[in-house]
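You will see subunit A twice below: alongside subunit B first, and alongside subunit C after that.
Let's look at the complex of A and B:
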């Protein structure tokens, strides 16, 4: 009876991403409850130190390392992952719901003839089967889902599950596998990657986000948020209005038509709190709102709020943080 | 260039959600239903491609109850010419079953491209487009913000964690539209009237049994009530103090 958990460990430039560790960590816990093994899968080119996934709980790591896999395409990575899945008879296939994870999840779901529960925020094992909870309707409702087929494919929302401290004494067995690619796996080719401005933390990976809305009044004012963000090691996010106006890039947009984020701390500056924005940040652990409108809906969801002019409050916060953090 | 665009009827994103009597789905009373916003980008893109090339057919495909036809007519009003409604009242939660149903219909159609929106704003799974592409054995690129066709190939642009990517894709292929791909047009009254006369086929959806079930639906956990720390810059020291010592966030 299959009881293994197969885990996609996402890498970028050969290095595993934090979401890969999150996925391995959860995959191990699920495997323990199912009585099976946690098998991590790394796909790419020049993957570094796959054995280190053992520190997060992987019992085994399967690596498909091929020059042709330097850039992600769902067809090629999907084929590689589906082949590994086909050879390992998993009960659960797990990945983090990143851009890659969402693509891969759909492909693997079809390849294994099993539906996918995507972007899950909770899981439990009952009677030897996994059940999950996931947000729907932009997080306005959560559904609990059970699986009735042989294989359960799930993706977990990034940064929702706490990451255990890695156990440096552990190291996983690594097995290299070839994928039997054919030309049809490369009908999509990445021609060019225009790299993001260097040093910018991505909102979906950040532990702290300082985010600006319409109240920022213009692109030139975002420097006050960037100053605070630098102090906190934070990413700078943006509401949809701000992106639609062209003040900030879509990659920074938090919200239903942007990114869904779940940082430890979300500081919303001049953001009113429209439903579609809340959809993107309501699972943040701590929410701070700064807005001059005391009736702004964002205050209904914020843990702490200051009613006031952000052009005075934000610099004051930066100054206070400098004092308190001692930098 | 024949293009099929898959569209879904979904609640408007402004809707306040109420959980219905069976505790497993929303109460539809008072809900305004619209064409999935991301699907609108897909429809608009198909129409722009046709306007540029001057030839080809745009077909709309939608799976759901008869109400799906209202949504299809909206796509017709934007400029699509025909379509197929796969009739299904089951509200099957199994996304792969839905994908198989769409793929079975697509296999009977001739297309150079299948377009989707990147996700449906009710379910938010972003699964069906990729599942359908895999079932049809065609390549797919999701979240595209630019699409150009020439010499039987598509060149697309999208955001990724590395930055912006440009990919070249052999046709036939599928694409899932991201916001920013285009600005969907507002149909004029005349287009809406014409849309009523365009052909719309209805057939029974071939639907597999679900391998996934909804156990229950519930509201998000209540956040404990927050506090307004104060007004203006004066409140800042207290806020920072709370973030450090109470919330332990910094």
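Let's look at the complex of A and C:
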């Protein structure tokens, strides 16, 4: 039945990652249009609650659980995934274009002798065949791609497709698949994983950033931003002036010579918006600016601007957030 | 005339000296030949004029004289004084062989005058030496080293003078008739010797000292080739072969498409002229003293770069010559110059401000050497400060360093009633605003001001809008010559496509590169900076100005406008035309202007060592107690605005561009 969608559901430490849910969600939609099933594949060791993938639309979940698969290596994971694909005859193989997804995609495409389009931002099904769109030339243009052959391998760009609300009433059938591995299947072995220091969210990975500039007046005042950030699950960023003064670390610097970020929400407090800073956060999906200078250039690009004293505005916002989000 | 034995001794001395001199000179010249070829044979007339004009009136030394540092005057005295002595040595030697060839030959009047002048020259030299010793070993300015080399030279020259007077003194005692009447120092010494009771042995002592004197003179002649005094011989050819290209322009890479090597990583990658620079260095330290990187405590000290390169060349010279003889190719080895002799910090610290080259007495080209090493790091090793990656990408994809969408490049001009060349290419001048003028909110105001001025004067102009591309200056100065070349070619194609003849540029970096670099790629236009243009409009009465600006203003000279293109007075004249008050000048102004810190691509780099250059300059500006700082460059403006914020002075003092000030004054 070559109209199934096989979805790689990435997990880390036994837990599925948010990108896995995104992939399952889209996989289900594609499967519906193709008239087939959405089959999720979880590969790892000690995978928790595979049936929960059904809440995002998986019709079936195939689990390859083996102690040797605790850490991702493309040879072993690729072999396991390719075996599953071989047995389930999919029309589309889908994964999220994370590091793992990019690594795996190439392996699977070669193993199945199937064409691959990576990092796609749109898809559609036309005449029973999948087509995708992906950016090219550093985002200056988009390319529409169709596929020949029976199987198409696709990876979708993370965070581009909206995630539907999980339906708690649904649950998927889980099938366990054995996999035999010999040591020669592992050309590389993960010896150690070094976790990033500190529990702070990295500015470049955060969905929401609360950022402070010279208007903060001093390092001790950043606690009001940190309070807001904790409520929002956000990272705290800084403009270059603030880092130069030694109030914040260089790792937090957003701008031309710091990190270039593109979060869903960027709250700029006491930042004037000189071009060097804008260069680092211009592409944020939503920009909120708080500044007492009505002529500050940041208001030219902000979606929401508050002209006021940040030492009054920020605590007021935090108080409202507490009510809405619950502390 | 000497006795036979003496003549033979002198001949042998000369022969030996010539032998060692020629041997060393040949070695030094062979090392120059290790460099790549470079044609500097153009304009011989201008070159002669230049070298003579620098050396004879000692402009090379006096150009840097300030109230604080009069050393140039000392050098002038020393140079003239010692030159007289060199002439006298000639007479000495000939006189040793032929009695007839002496100053007396030309009559007693000449003879007396000759020795009067000689003795005076000797005193002048002694005075200069004493002054020099006090400066170098007691006052100890940073730019001078109390080195062994310097010490030897000072001591030897001093001794030569004393010996010369002593020879005169003994000769006067030994001979019946004085050889000259006005050799007053000789007289003084002869008195002194007579009082010491040396009259009887004066004849012997005369000859002993004479030979000793000659030995020291010839020895010194050879020593010159082994010391920093090499400048005495190398400075003249180096001045002759100075660059006749526009000041500070960088050489393009020949045959970029086929070239296998870019930039310089080894000393032999430089041309013979760059190597000659190393010989010509007098170690005066003026370059380091004026370098903003050095002043702000960074690693870069231009004198050290030159000196270390020279030492490296001399130390590895024999090996390099051997390798050349065997024609062994050194492939893929670790660079022998980059990192090993000149560190990456030194290479990246440079703001390309050219203060070093401006004050160098012997026309050494420091900036070009550093930029060649940058080309190596960028194009061969892909090794550059990480934050520059964003800039290159932005330029490649969107033709501006911030990577802002190129389709928005004309947004600054909408609603101004300005036409693009695409709409109407029949204009007298193209207004090129550059990336800052198009994308930086602060500098867009300057572009708008310029449009107002042009419209008020009724100038027929147009812009390129979205067809305008980044001038590429930052890419070139950082060393990414390939990217620069691509951008320059693109712009030239567009300019030529519209048959552009005259370009008005509102940024000194764009101005400099369009004017002085684009011709290297076939782009020849009349390029004018907005301060030149505005002054012309004012002088021709095409602008009605209120002329009532009553603020205390200090004007900051942009390096790329000032030192690079000698535009110092035009902005000041404009300010004079619109102000009721006089300008207050910073101490370091015009050709001594202190860089804002953003040149050489450093606008885009982090400054994490030493003091911040822009804060140093801002402090200097604030010390003049101005209401306002006037600039004519987007980089300088950004640096001052940041600097004022850092000094918490941004409420008290404003930064304005010349164009903005004029636009505000339009009636």
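Just so we're on the same page, the second predicted complex is superposed on the first by the 204 of 327 C-alpha atoms of A that agree within 3 Å, B and C clash if a C-alpha of one lies under 4 Å from a C-alpha of the other, contacts with A are read in each partner's own complex, and residues count from 1 in each chain.
Here, a contact is a pair of C-beta atoms (placed from the backbone, for glycine too) under 8 Å apart; a residue touches a chain by one contact, two chains touch by 3 or more.
Here the structure is a predicted model, which means the values were calculated and not measured.
Enquirer: Would you sort A:275 into first (subunit B), second (subunit C), both or neither based on which partner it touches?
Expert: A:275: touches subunit B and subunit C.
Enquirer: In the superposed arrangement, which partner chain does A:189 touch: subunit B (first), subunit C (second), both, or neither?
Expert: first
Enquirer: Go through the superposed model and pick first if A:45 touches only subunit B, second if only subunit C, both, or neither.
Expert: A:45: touches no partner chain.
Enquirer: Quick check on the superposed pair: does A:257 touch subunit B, subunit C, both, or neither? Answer first, second, both or neither.
Expert: Both subunit B and subunit C are touched by A:257.
Enquirer: A:214 in the overlay: touching subunit B, subunit C, both, or neither? Say first, second, both or neither.
Expert: Only subunit C; A:214 stays clear of subunit B.
Enquirer: Tell me which partner A:241 touches in the superposition: subunit B (first), subunit C (second), both or neither.
Expert: It touches subunit C, and subunit B stays clear.
Enquirer: More subunit A residues touched by subunit B or by subunit C?
Expert: Partner touching more subunit A residues in the overlay: B.
Enquirer: Figure out whether A:32 sits in contact with subunit B (first) or subunit C (second), or with both, or with neither.
Expert: A:32 contacts neither subunit B nor subunit C.
Enquirer: Regarding the shared-chain residue A:3, is it in contact with subunit B (first), subunit C (second), both, or neither?
Expert: Neither partner.
Enquirer: In the overlaid three-chain picture, which partner chain does A:303 touch, first (subunit B) or second (subunit C), both, or neither?
Expert: first
Enquirer: Of all the subunit A residues, which ones make contact with subunit B and with subunit C?
Expert: 137-140, 256-257, 275-276, 282
Enquirer: Residue numbers of subunit C touching subunit A in their complex, please.
Expert: 387, 390-391, 393-394, 396-397, 402-404, 439-442, 604-606, 612, 638, 641-642, 645-646
Enquirer: Which residues of subunit B touch subunit A once you look at their complex with the stated criterion?
Expert: Residue list for subunit B touching subunit A: 11, 13-17, 19, 24, 26, 37-38, 93-97, 99, 121-132, 134-135, 137-143, 145, 155, 159-170, 173, 179-180, 210-220, 223-224, 226-233, 235-237, 239-244, 247, 249-250.
Enquirer: Show which residues of subunit A lie in contact with subunit C when the two form their complex.
Expert: For subunit A paired with subunit C, touching residues are 137-140, 214, 241, 244, 256-258, 260, 273-276, 278-279, 282, 297, 300.
Enquirer: In the complex formed with subunit B, which residues of subunit A make contact?
Expert: 12, 17, 71-75, 78, 98-100, 102-103, 105-107, 109-111, 113-119, 131, 135-149, 184, 187-196, 202, 204, 208, 232, 250-251, 256-257, 264-265, 275-276, 282, 285-288, 294, 299, 301-309, 312-313, 316-317, 320-321, 324-325
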